[in-house]
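In the two complexes below, chain A is the common chain; its partner is chain B in one and chain C in the other.
Let's look at the complex of A and B:
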C-alpha cells in the first residue's frame, strides 16, 4: 500500500500539471482546428493531397532525375521528397487528432454515451497514430519510394505464402 | 515558533478567502467548497485554542477532525463534478458511476477498519484508515480530472483553482500519512512541517484563483453536438478515422 500511495500521489501531481498545461495550450489548439477546418472544406485541397501522396511515394520522378546523371540533383530530390513525405504524414496525424477532438466535444454532450464505443474509437485512433509514427521512422530510414517498394515486396511474399499454404492444405 | 506562524497565516488566509468569496459572489457559486473552508477555519481556531490551553487533548481531537475533513472533502469533489460537468451529460454519467463506486469503497474501508478496531484501536490504525481514505479520494479526483483532460472540458479559472489546490493538498496529505505510517513518530515533525507548508501554498492558490469571479469559457461545438445520438457520432467518427487510416496505408501500397 505504501508504494501504491506514493504512485497515486505522483500520478495526481502529473494530472494536475497536465490540467495546467491544457489551459495554456487551448488557444494554439483552436488555431490548429481552424486551419484544419478550412482545409477540410476545400475539395481542391483534398485532391492536391492525393496528388502529393501519389508523387512523393512513387519513384517515377526519381527514375527520371537519376536518368539525367546528376548525383547532386538526385540527393536534393531524395531529401526534399523525404521532407514532404514526413510533412504529409504529420498533417494526416493532425487531421486524425482533429476528428477525435471534434468527436469528444460532441460525445461528451450525448446523453447515451457508451464507454465501450469510446474505448473502441480510442484504440482505433491510437492504432492510426502508431501507424503514422512507424511510417515517419520508416520514411526517415529508407525514403518514401523505397518504402513503397518494400511494402509491395512484403505483399508479394504474403501472397506467395498464402498460395503455398493453400497448396499444402489441398494436398493434405 | 515557526509552526505557530504558519498556523496563524493559515487562519488569516482562510478568513480572507471567505471574505473575498462573499464579496465576489463565489460563495454562492461554490457553496460546498466554502462550507468546507468554513469548517476548516472553525477547526483551525478551535485546535489552536486547544493546543495552547489543553495540549493533552490535541492529538485525539486533531485526528478526529481530520476524518471529518475527509468526508467534507468528498463534498468538494462532488461540487467540481456538479459544476464542471453540468453541460456534459455523457461524461457526467460516466463520472457519476465512478464516483459512486469510489464513495462505496470509502465507506467499505471505514467499516472494515472500524471492525478491526473493535478488538483494539491504536493511533496507527487511525493513520492507516486516513491514508486509505485519502487514497480512494485521490482515485476519485484523478478519474474526474482524467475525464476533464480527455474530453478537453474547460473548467474556468475558479473551478480549476479549487481542483488544483485540493489535488495538491490530497497528494501531500497521502505522502505525509505514508511517511508517518512507514517511519512512525520519527517522521512526525518533518511530516507536520511539510503538511503545514503545503496547505499554506494551497491556500495561496485558492486565494488568487478565487479573488474574483471568472465566468467559465463557453464550450465549442455546442450547437453541432446537440440533438445527435451517440451511435450517429460513433459511426461518423469511425468512418472518418477509417478513411484517414486508408489514406496512410495507401502510401505503402503499390500502384
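Let's look at the complex of A and C:
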C-alpha cells in the first residue's frame, strides 16, 4: 500500500513537472515569435498571398523536378511545398479568426447591427475555417500541387472578409 | 509623403532603372545588387550617385521600393527559371561552380538579400526555392559529368565548358 502511494505521488509529480515545462517553453516560444506574429497579419501579407498561392499550389515546379529524374530532389520539393502550404493555410485561418474577433469587439458596442450582414459574415467565416481544415488534411495526404482551386477559394473568402472588415472600419 | 518628396522618389527610381538596373537583365543579379546598397547594421540604403542627384531620403526610398520589387520578382520565379538565373550568376561570378555551390549552401549569403519588412511566408518560399535551385544545379553538375551529352543547356553555355571534368 505504501509503495503504491509513493508510485502514485511520483507519477503525479512527473505529470506536474511535464505540464510546467510545457507551459514555460510555450511562453518563451511566444516571446520569441511576438514580432513575427504581428508581421504575419500585416496588410503586406495580403498582397503577397496571391503570389505564394500561385507558386506553392502549382504543379509547374514538380513537373520540372520530376523531369530531372532524381527521386531525392522530388521528395525534397514535395516536403518543402507541403510545409509552405500548411503554413499559408494556418496563417489564412489565423487572419480570419483575427478579423472576426475584431468585428465582434466592434459589434458588441454597435447600435445598428444588421442581422443579414452578420449572418453572411458568420457563414463566410465558417466556410473558410472548414475549407482551411479540409485543406490541411488534403495537403498532408496528397501535397498542394493539385489543390490550387480549393486554395484559391480560401483566398477569395479571406479577401472578402478583409474587404468586409475594411468596410466596417471605415464606416465605423 | 508630400508631393515634392514623392516626385523626387519617382525621379530617383526612374534614374536607378534607366542607368543601373536596365544593364542587369537577370532579376537575381538586380536583387543582389540592390541588397548590396543596404547597410547591414542600420538597414538603410545608400547610393552615392543617387544621393548626390536626389538627396538621401528620396534615394533611400527609391532603393527600398526597387528592393521590394526585385525580391517579389525573384520569389515568384518558377524553380526552372530560378535555376537558370543561378547558373547565369555562377557564370558571372567567375568562381568554380563546385566552390560557388558549396559556399552558398553552407554560408547562405542569399539571406542578406531579403528586404526588412518582407512577408514571412514569401521569405520562407524564397529561401526554400534558392536551396532547391542550388540542389538542382548541384545534381545537374553531377549528372553532366557522368554524361556530357546531357550537359547544361543555354543560357549556361559558357558554364558548360567549366562543368566538364578536368583532364
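A few points about this structure:
Here is the rule we use: the second predicted complex is superposed on the first by the 92 of 172 C-alpha atoms of A that agree within 3 Å, B and C clash if a C-alpha of one lies under 4 Å from a C-alpha of the other, contacts with A are read in each partner's own complex, and residues count from 1 in each chain.
By our rule, a contact is a pair of C-beta atoms (placed from the backbone, for glycine too) under 8 Å apart; a residue touches a chain by one contact, two chains touch by 3 or more.
Every value quoted in this text rests on a predicted model; they were computed, and no experiment measured them.
By the touch criterion defined above, A:107 reaches chain B but does not reach chain C. Look at A:71: by the touch rule set out above, it reaches neither chain B nor chain C. In the superposition on chain A, A:89 makes contact with chain B only, while chain C stays out of contact range. In the superposition on chain A, the chain among chain B and chain C reaching more residues of chain A is B. Of the two partner chains placed by superposition, only chain B is touched by A:127; chain C is not. The interface of chain A with chain B overlaps its interface with chain C at residues 88. On chain C, the positions that touch chain A within their shared complex are 72, 75-76, 78-80, 117-122, 124-125, 128-129, 131-132, 135-136, 139-140. Every residue of chain B that touches chain A in the complex is listed here, in rising order: 87-91, 93-94, 131-132, 134-135, 138-139, 141-142, 145-146, 148-155, 160, 163-164, 167-168, 170-172, 174-175, 177-178, 181-182, 219-222, 224-226, 228-231, 233-234, 236-238, 240-242, 244-245, 247-255. Every residue of chain A that touches chain C in the complex is listed here, in rising order: 36, 39-40, 42, 44-45, 47-49, 51-52, 54-56, 60-61, 64-65, 68, 70, 73, 76-77, 80, 83-84, 87-88, 91.
Those residues of chain A whose C-beta lies close enough to touch chain B in the complex are 1-2, 4-6, 8-13, 15-16, 18-20, 22-23, 26, 29-30, 53, 57-58, 85, 88-89, 92, 95-96, 99-115, 117, 120-121, 124-125, 127-128, 131-132, 135, 144, 147-149, 151-152, 155.
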